[in-house]
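In the two complexes that follow, chain A is the common piece, with chain B as its partner first and chain C second.
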Partner chain A sequence: MKKKSNFSDYMFLVPAFVIYTSIVMIPTFYSLYVSLFKWNGIAPKVFVGLKNYTDLFFSDKIFLIALKNNLIWIALTLVFTMAIAMGLALLFNKEFRGRSFFRSYFYFPYTLSIILVAIVWRRMYDPSFGFINEFLRLINLEELTNTWTANPKIALFCIFAAALWQSVGQPMILFLAGLQTLPKEVLEAAKVDGASNFRTFFSVTVPLMKETFVIVIATQIISSMKVYDIIKGMTGGGPANSTQTLATYMHAQAFLYDHLGKGTAIAVVMLLMMIAIVIPYVIYTAKSE
Partner chain B sequence: MKKRINKVFFYVALFAIAAIWFTPILTIILTSLKSQADFFSGSTLFQLPTKIHWENFVEAVKVGNLFTYMRNGLIVSFIKVPLGILVEALAAFAITRLSVKYKTAIFIYFLFGMMLPMQISLVPINIMFKHLQLHNTYLGLCYAYIAFGTGFGILVLRGFFNAIPREIDEAAKIDGCNKFQLLTKIILPISKPAIATLFIIDFLGTWNEFLLASVIINKTNLKTVPTGLMSFIGEYTINYGVMSAGVLISIIPVLLVFLFFQRYFVEGLSGAVKQ
Partner chain C sequence: MKKASLIVTILFVLSLTLAACAPAAPATEAPVVATEAPVVATDVPAATEAPIEDVTLTVWTLNSRNAGITAILDGFMAAYPNITLEVSYNDAAPHRDGLRIAATSGTLPSIWMNWGGTLGGYYAQNNLSYDLTEYAAANNWSAKFEQAAIDLSTLDGQLAGYPSALSVVGVIYRKDVFERLGITIPETLEELEAACATIKADGLNPISTASGADGYHVMRIVEQLIETYAGPELHDAINTYKEPFNSLAVVQALDKYKEFVDNGYFNEGFVSAGATDAPTKLYSGTDSVMVVEGQWFETNAKKAEIDTTAFGFFPFPSGGTKRMSAFVEMYQFNANLSDAELDAAVKFMDYYYSKEAVAAEPANYKFPLPMTGIADIPEANVITKAMVEAAAAGGTFTIGDQAFPTEVAQVLFSVQDEIALGTMSPVEGAAAVQEAIDTYLANK
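Let's turn to the complex of A and B:
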């Protein structure tokens, strides 16, 4: 009798398990397998062992650019996105008129499609008719005008600015939630003891918000590893492959050039890098309750 | 007096940041009012054209198929989101309130999907869908979306279900509820706030999804908004004004959803993470 009821309990898991396993888990393992072959999807697979990987790391310059760009992106996110998100969160943690309006105002771009944001920012960076160059001309700083996303040296940073505009609201909200859980007495005490705002922030606020920081840093690194839409929409990886990321290069190899082995190998590299970040995070999430 | 000056300074700074944040949208608005000729006549972005070109908006809808993309986005979202929440609720219910073994392990198994890069399963999905002829079908697209959504959904619902007192289960059992009824008649109605939050976040997530949609759907009349907008970029026949008008039009539905449900984003999301 008891056994029977147990079995029916597992039935509740079946739909999620089947759907998730068939689309996420089995394909993940199949990708590991495909990455060991040279294959265009039509002709028979040719087993090449780890050649796809060694090719990537030792003879594929574009792959190395993509890898470097992802690392740059992570660094930029951890410095700029987090600093601005924290700044805004501190601002909106104060009581003032219009607070909830401004909070929503800065959050709103996060609800937009990234492709849409990409089109918007293409207008910002347009060398002839874009806001930035037009504005620089307006204030007589013509010499600072640039081709922005068409300039391989700075294109990635330009795209990052667009991504920051779009996504800063999300860590802002997380920080704000963290700030609101801080015990008021502790902050008061620091003030009474004569600690400066600056000092209070780094010695009291930050340590107390450790949990929030873990979540924000983990989610920011994960999304930095996945950066795709904004690049696809703004430069498609150009000019001269200077803005390729692992995700865009994987897509190009697998879906444009039909190099399925190489494409999946790039995805596996992404996966391994993510696992290194994700496992501690998953353990933390599962434990924290 | 000092307090007053501080306050003025505070608002000036706030409005300055807000103004900078608005420049992309301002650019799109200014561009949307102009014809291609206005740009090449030498007038700057900041000068209004002699004649406002409202027809850009009409053109964007007609040539850009915008309403088709929006309709498709609604169809996909309204299939995916409720079904996804049902599937996630069943699983979250099992790992919070039923006698299932290895609950934490099962939970972690689903959590992985939330963080794995979608790229890792993209090639196999593409091959599988080719065999099953699921390309250019909403069945295929929604099935894949539900799969990728399970991690987050279970995370949110599990947190909420755990917070509901266990005594309720006993009471329901005594009143003759079976397990399925316990879920549908008691747990789900209590969880309305969590489900509402999940619904809104999931809806926008589905509405805005690009990568998977671009791999599975390539027929223009089936595209959703992001993949549809992407073809704006490629189309040289569409000029800047029309493109910008199209962008503004496609912001409107999202803006409306946001205005109506903003408390779910701002409060719900942080709640989900804490639980």
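Let's turn to the complex of A and C:
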């Protein structure tokens, strides 16, 4: 029987409501407001309407590069991060000696500071004395050496490799938690019916883990849209803006160039993109239940 | 209901993203990170007349100044019991960002360290820093400071800060490699190119530099090439927007820069190398041979226990008097300081840079000091002395990333990378920077 809420129940929500409104909602709507102005943060604001947005989409080459890079990052995350995290979760869901050690081992990079990861991998990619090129020379594969993060064609992928190493632990743990809640009798029934591991995974495991997938996919897309620290630490958005993302470009516009209107416009674009991608996915998933 | 609550949850998480970008967030005190144990000064400077009222000043400066300020802080507050100082330290980039945030939220400290050029000029232009022009005239600062320091600290028509350091940039090189290969100090650009070719043929890297996130490093070479092809007058006119950046001289300079890159005179992958690594590649003598760096190279090498007698210096052979690029560091004062607070702020700076404090711990100071009669460059700092003497003899120009505003400098850095990578021609690069200058001037 559903309990009817009374006034005192709502009173318990007031502190959280006040904090959320003052720290999240008010700055959010203020950012939306500022995005309609040309403003350096000190001089009086000049209303420009949607000009900041039209400038971004129609005359700002770097914004379009940043947007493309974010879409690439989302695609790479959904394919590689998810696949590797799920693979590791399936592996560590089985019983074997040393399982706890290996779970910790693969989760450990996630506990490291992203800037530390950026510094370490930046050194590893150094063409002169970095570990990667030195190793390739050592095993007589000098033809595979590269300038890595100095090569604009592959720099973004090099950074993604570092980010993948650092971040795979978190979705792995979420998938592992989801796998451990699966009813064993359903999986056994599938085995008894003669389903292969592959068929069992896609027809039984994945549908039963739908809510886990919703959370993991949604959070991975959101963090892909916000990617900043590792880009800043490894290349700063270079070489030649080839690794700029919306977050790094937003920071540059707002805090380096004092174009607060343009910076907040980029933030609004990021938010709208996340809403456009995540909400339909969540609704679709909820509907198909 | 379940669907709605899930959507609300997702929206909640998404809104946190937008909230993170909200401007005008009030700045809180910058984090204090002590890098060294406090050093006690052995000689306490004599106190001058103490202010009548109690004054509390907040100071923001860099982590690298921690040892120097900590050494004199207790002594200063003992000498002036009515003055209380609250000092915060940070690294360069977060310090700069923190100041900008504080500026937009009206929470700037009483005193803050800054660089000259457009970095410090932002605060002068927006009436956020105290105009010290009249104070300086009334207190005879023309005798107190080197004229170059006063000139470099005069931004937007006003004396924008208390000068605290003068830096000059030149070419540091490995003496042993030059001797072994029979290379003499280059006096012309052609001789420098010949030296690079000889070094390259020997299997070493001629010039260590960096770009990408640290585009200012290779910019030091690019601006010297501009000085070579444009000459001092045109170069100064370009830096002050009196002449266009996409002039023939600049295109020639960028062409020569591209030639250097294509000939392999810079370290491989320099477009994503870090500036802090550039000078260290000279330490072993088996990697790079030259670096374009400031006099801090000597101080940093000594701290790393590297034998600095292995290195020499020469001004970039840009022709004429071989001007060196230079910049000033200063401490700016809040425009809203009262007379008593301003007096206290100047007393603190005078105490920090007093003869006695510098003599007690010279390692805590960046030489040459912009103040006259305080301290000579320590005898052991041979390279610093040579650089300062060369700058005094040949003259200086304002370093590029301070001559131009940040948004123009960033375009220049990007152009440097694109030219090096072959995705942009020198003509297109010069035009791109000029476009950025035009946009900046139109918006100003």
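Keep this in mind: the second predicted complex is superposed on the first by the 256 of 289 C-alpha atoms of A that agree within 3 Å, B and C clash if a C-alpha of one lies under 4 Å from a C-alpha of the other, contacts with A are read in each partner's own complex, and residues count from 1 in each chain.
As a convention for this text, a contact is a pair of C-beta atoms (placed from the backbone, for glycine too) under 8 Å apart; a residue touches a chain by one contact, two chains touch by 3 or more.
Everything numeric here is computed off the predicted structure, so don't read it as measured data.
With chain A as the common reference, chain B cannot sit beside chain C without a clash. In the overlay built on the shared chain, the residue A:Ile23 is in contact with chain B and with chain C. Once the two complexes are overlaid on the shared chain, A:Ser196 sits clear of chain B and of chain C alike.
When the two structures are aligned on the shared chain, A:Thr54 is found in touch with neither chain B nor chain C. Once the two complexes are overlaid on the shared chain, A:Ile42 sits against chain C while remaining clear of chain B.
Of the two partners chain B and chain C, more residues of chain A are touched by B.
Contacts of A:Trp148 after superposition: chain C is touched, whereas chain B is not reached. Using the contact criterion defined above for the overlaid structures, shared-chain residue A:Gly237 touches chain C, although it does not reach chain B.
By the document's definition of touching, both partners, chain B and chain C, reach A:Met274. For chain B, the stretch among 128-136, 146-154, 182-190 or 200-208 that collides with chain C in the superposed model is 128-136.
When the two complexes are laid over each other on chain A, chain A has residues 20, 23-25, 27-28, 30-31, 34, 41, 122, 126, 128-129, 222, 225-226, 232, 250, 254-255, 260, 263-264, 266-268, 270-271, 274, 278, 282, 286 in contact with both chain B and chain C.
Those residues of chain A that touch chain B in the complex are listed here as 5-6, 8-10, 12-13, 15-17, 19-20, 22-28, 30-31, 34, 41, 91, 96, 100, 102-108, 111-124, 126, 128-131, 134, 137-138, 162, 165, 170, 173-174, 176-177, 181, 215, 222, 225-226, 228-229, 232-233, 246-247, 250-251, 254-255, 260, 263-264, 266-268, 270-271, 274, 278, 281-282, 285-286, 289. Listing the residues of chain B that touch chain A in their complex gives 10, 14, 18, 21, 23-28, 31, 39, 44-46, 87-88, 90-91, 93-95, 98-100, 104, 106-113, 115-128, 143-144, 146-148, 150-151, 154-155, 159, 162, 179, 183, 204, 207-208, 210-211, 215, 225-227, 229-230, 232-233, 240, 243-244, 247, 250-251, 254-255, 257-258, 262, 265-266, 269-271, 273-275. Residues of chain A touching chain C in their complex: 20, 23-25, 27-28, 30-32, 34, 38, 41-43, 122, 125-129, 147-150, 152, 155, 214, 218-219, 222, 225-226, 232, 234-241, 250, 252, 254-260, 263-264, 266-268, 270-271, 274-275, 278-279, 282-283, 286-287.
Residue ranges on chain C touching chain A, taken from their complex, read 2-3, 6-7, 10-25, 97, 100-101, 103-104, 122, 126, 128, 205, 211-215, 267-274, 277, 281, 287, 406-407, 410, 413-414, 417-418, 420-421, 423-424, 443.
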